[in-house]
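Some structures are shown below for you to check.
You will see two complexes here that share chain A, one where it goes with chain B and one where it goes with chain C.
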Partner chain A sequence: MSMDKVQIPWTDSDGKPGFWGALHSLPRRVYHSVFRSRPIPANDLERSQAVAANFFFHLHSAKVQERTLRFKTTLGLGLLSLYTFVILVVTGILLMFYYVPTPVEAYDRMLDLRGAVFFGTFLRNLHRWSAHAMVGLVFLHLMRVFLTGAHKAPREFNWMVGIVLFLLTLLLSFTGYLLPWDQLAFWAIVVGTSIASYAPVVGDELRYVLLGGDSVGAEALLRFYVLHVAVLPVVLTTLIGLHFWRIRKDGGLAKPREK
Partner chain B sequence: MTTANLNPERATEAVEGRRTFISWITAGALVLSAGLMGIFNLIFLRPRVTYGPPSKFRVGKPDGYSSGAEVVFPAARVVVRRRGDEFAAISLVCTHLGCVVNPTDSGFDCPCHGSKYDSAGNVVAGPAPKRLSWYRIAQAPNGELEVDKRKEVDSGTYLEVKA
Partner chain C sequence: MLEDKPTYERFPIRPGKTYGLMCVVPTATEATKIETEKQVHAWPAALTRELALFVLTLVILSVVALLFNAPLEEPASRLHPPNPAKAPWYFLGLQEMVAYSAFWGGIGIPGLLVLLALAAPYLERKPGGEGVWFHSSRSAANWVFLGIVGTLLVLTAIGTFFRGENWAFVVPW
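Moving on to the complex of A and B:
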């Protein structure tokens, strides 16, 4: 028997892969079309490639300072803020399935969320507590950055982006406050928008545009809803992307100057 | 590296000048259109029509009020007062931060931050920066009283209605 008669099972007579060969290699090709690196990296080079090749990790630097990874450096406050925001987006989208932003429906829908929707109380409370937590965490994150001097050059721009993110967080909190449409929400927005009208020059106009009229009513509820579920989250998400990207471009987390 | 280095034959000074010119025109057009869109969006957000309670509304015939009566219209946030043959309409919106004040024996009290007003709406205590508004009240052709919240009048301005 000569060697050329031996046929590898998954090749055809010409030695090409053929149907069975293609089928055999299909899982591997599908895997590699999705993942650019091996499942478990074997060395440092592959490890850094795995980080760079993964969409969810690509914001990370391939190399970081060891001390910036220690928990006590940052207390994890930035990422915790992000996690609360992710929770708020997910629970918020689920709440949108049942909430209707009209004066006739809003309050009843809020009560239904608590009484008639499967896991509704949990969802609403998760959304509410995460919102409170996010305001606190973002504030603490700002404090940490300031007290460790991480707002100084070359990170001044990212510090300002962070300030805007903090203001957007407060605005999201404020716009969400009106949506239950109960007495607390209503009068809080009456008072809050009146405070806005004390702003010099543009104050009264600002209140009028914010409320869509002179008083807190159906227009105000609709406007706050659109701001809360569409405008502000989109702006916030975009700026979060910019914020994280700048952390990398500014050389990772702040650290003491090399001696 | 300038374009002349990349392609010495084509990149004359005239071409460079033209490119710079086109870049500036394009950038200018983009900035202009973005600015205009910003302004248009602001105008768009300012409603031309509002759907809240109307600023001008009727509050019934004068005979419906006994002398000395003070009738509160909760939706309009106005109290209509009759003294003898005279009528006045006073705002119930606190001038501090917009809460609705409650009529009391001595005048009006705000539940939110403790502002107190006398019966003419002048500030007696609390953080309120100015007196309660007095609105123009007039008699419509059918004899009903009509309050116009767009038109403020001096404190103590009463409409005399002849019986």
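Moving on to the complex of A and C:
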């Protein structure tokens, strides 16, 4: 069906669009200025473009090995790690609207979340349980990768990126643990950071830098807060980007050799 | 009916660019060494599955968040140390080891484990078994790995459930 044979609606007698025609085609023009492909691609070329031309989708190559989509290959654990992180970022930002990182205010803000903030309890619960889930899921993902031999060449580097991601995940969780400023939080961080002081030679200095003093107090709370809401999430996000990029550069997920 | 094709070029071709990336290097990249096996389009096959998994994750975690409240104890007080004071659960394996030796438990062994983990793919050099669960050619490596993980899990469980006042061994039931 060739275009010029079809009577395009909203055109004047010379086939020029005119004012109404232009208005009529405006939504389409806006749509196609944002998305370079149709919502439901009609053929393989368009399906490929739908992925390649979308900032978020193009983490994927246009085509993927069917095997990598089977649940058994990954148990979905890498994605689950990512998703818990995304949920943590969103709920975490919402929590930031209420939280004040000072010993005087922090605990009261926890009570406010429970009593005065709409959905505050749910928000805090979701953030807390997602954080625990993320630590577990990232570790399970690490186990999946090792037990399927996916850490071996040529994926050594991405495995090391992964180890750093795991350590950062622990640190993120640990720095967040202090923020409610209740007994559970306070003493867990007292115990946790005392482990740092067992490092040879620089142990006590290390703990001092971490806490901003000799004991867990206002400075420590501020440091943990800044690490928790700014430094560590930014670093983790960047490394996750590197991690995903490397998966593609390493040829997609590890695949069995020919028998 | 809204015509769903734009009237102009979707992917403007830049006259300045005369090559694709694959043309600038003489060798094959990692990706192109792959022999073709059954492939599917990322859209919709992969992306719809990924969306479904996200929705599932969100639903499950939301249900958990509706049913169980995050703990909140008394306000922090330097004067009332709990006995025992425990680190978050994922550090209780370390805390358990620290009870035996401060340096080795808290720094030495964890440090060596991290180094070992970073070095693992360089130590296990023989190719084979990639992408296969528990491949027989890798059973030694897998056993070492599972041994370490199992030990850490046992230590974590002891620290979490079996340690009471003054870190004495207690039975939780």
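Worth pointing out:
FYI, the second predicted complex is superposed on the first by the 237 of 259 C-alpha atoms of A that agree within 3 Å, B and C clash if a C-alpha of one lies under 4 Å from a C-alpha of the other, contacts with A are read in each partner's own complex, and residues count from 1 in each chain.
Assume a residue touches a chain if its C-beta (ideal position, glycine included) is under 8 Å from a C-beta of that chain, and two chains touch if they have at least 3 such contacts.
Nothing here was measured: the structure is a model prediction, and the numbers come from that model.
By the touch criterion defined above, A:D44 lies against chain C but remains apart from chain B after alignment on the C-alpha atoms of chain A.
Touch criterion met: A:W181 reaches chain C, while chain B stays clear of it. In the superposed model, A:R67 lies in contact with chain C only, and not with chain B.
Of the two partner chains placed by the overlay, neither chain B nor chain C lies in contact with A:G115.
Legend: residue contacts after superposition of the two complexes on their common chain; A:V191 is shown touching both chain B and chain C.
Between chain B and chain C, more residues of chain A are touched by C. Legend: residue contacts after superposition of the two complexes on their common chain; A:D214 is shown touching chain B, with no touch to chain C.
Looking at chain A, you'll find residues 187, 190-191, 195, 215 touch chain B in one structure and chain C in the other. In the complex of the two chains, the chain A residues touching chain B come out as 187, 190-191, 193-195, 205, 208-209, 212-215, 217-219.
Those residues of chain A lying in contact with chain C across their complex are 8-9, 25, 27-29, 32, 36-39, 41, 44, 47-51, 53, 57, 60-67, 69, 72-73, 76, 79-80, 83-84, 86-87, 103, 107, 110-111, 114, 121-122, 124-130, 132-133, 135, 143, 146-156, 159-160, 163, 167, 170, 173-174, 177, 180-188, 190-192, 195-196, 198-200, 203, 215, 248-258. Within the complex formed with chain A, the residues of chain B that make contact are 42, 45-47, 50-53, 55, 96-99, 112. The part of chain C that touches chain A in the complex is made up of residues 1-7, 10-11, 29-31, 33-35, 37-47, 49-50, 53-54, 57-58, 61-62, 64-66, 68-78, 80-82, 85-91, 94-95, 98, 102-103, 106-107, 114, 117-118, 120-122, 124-125, 127-135, 138, 141-142, 145-146, 149.
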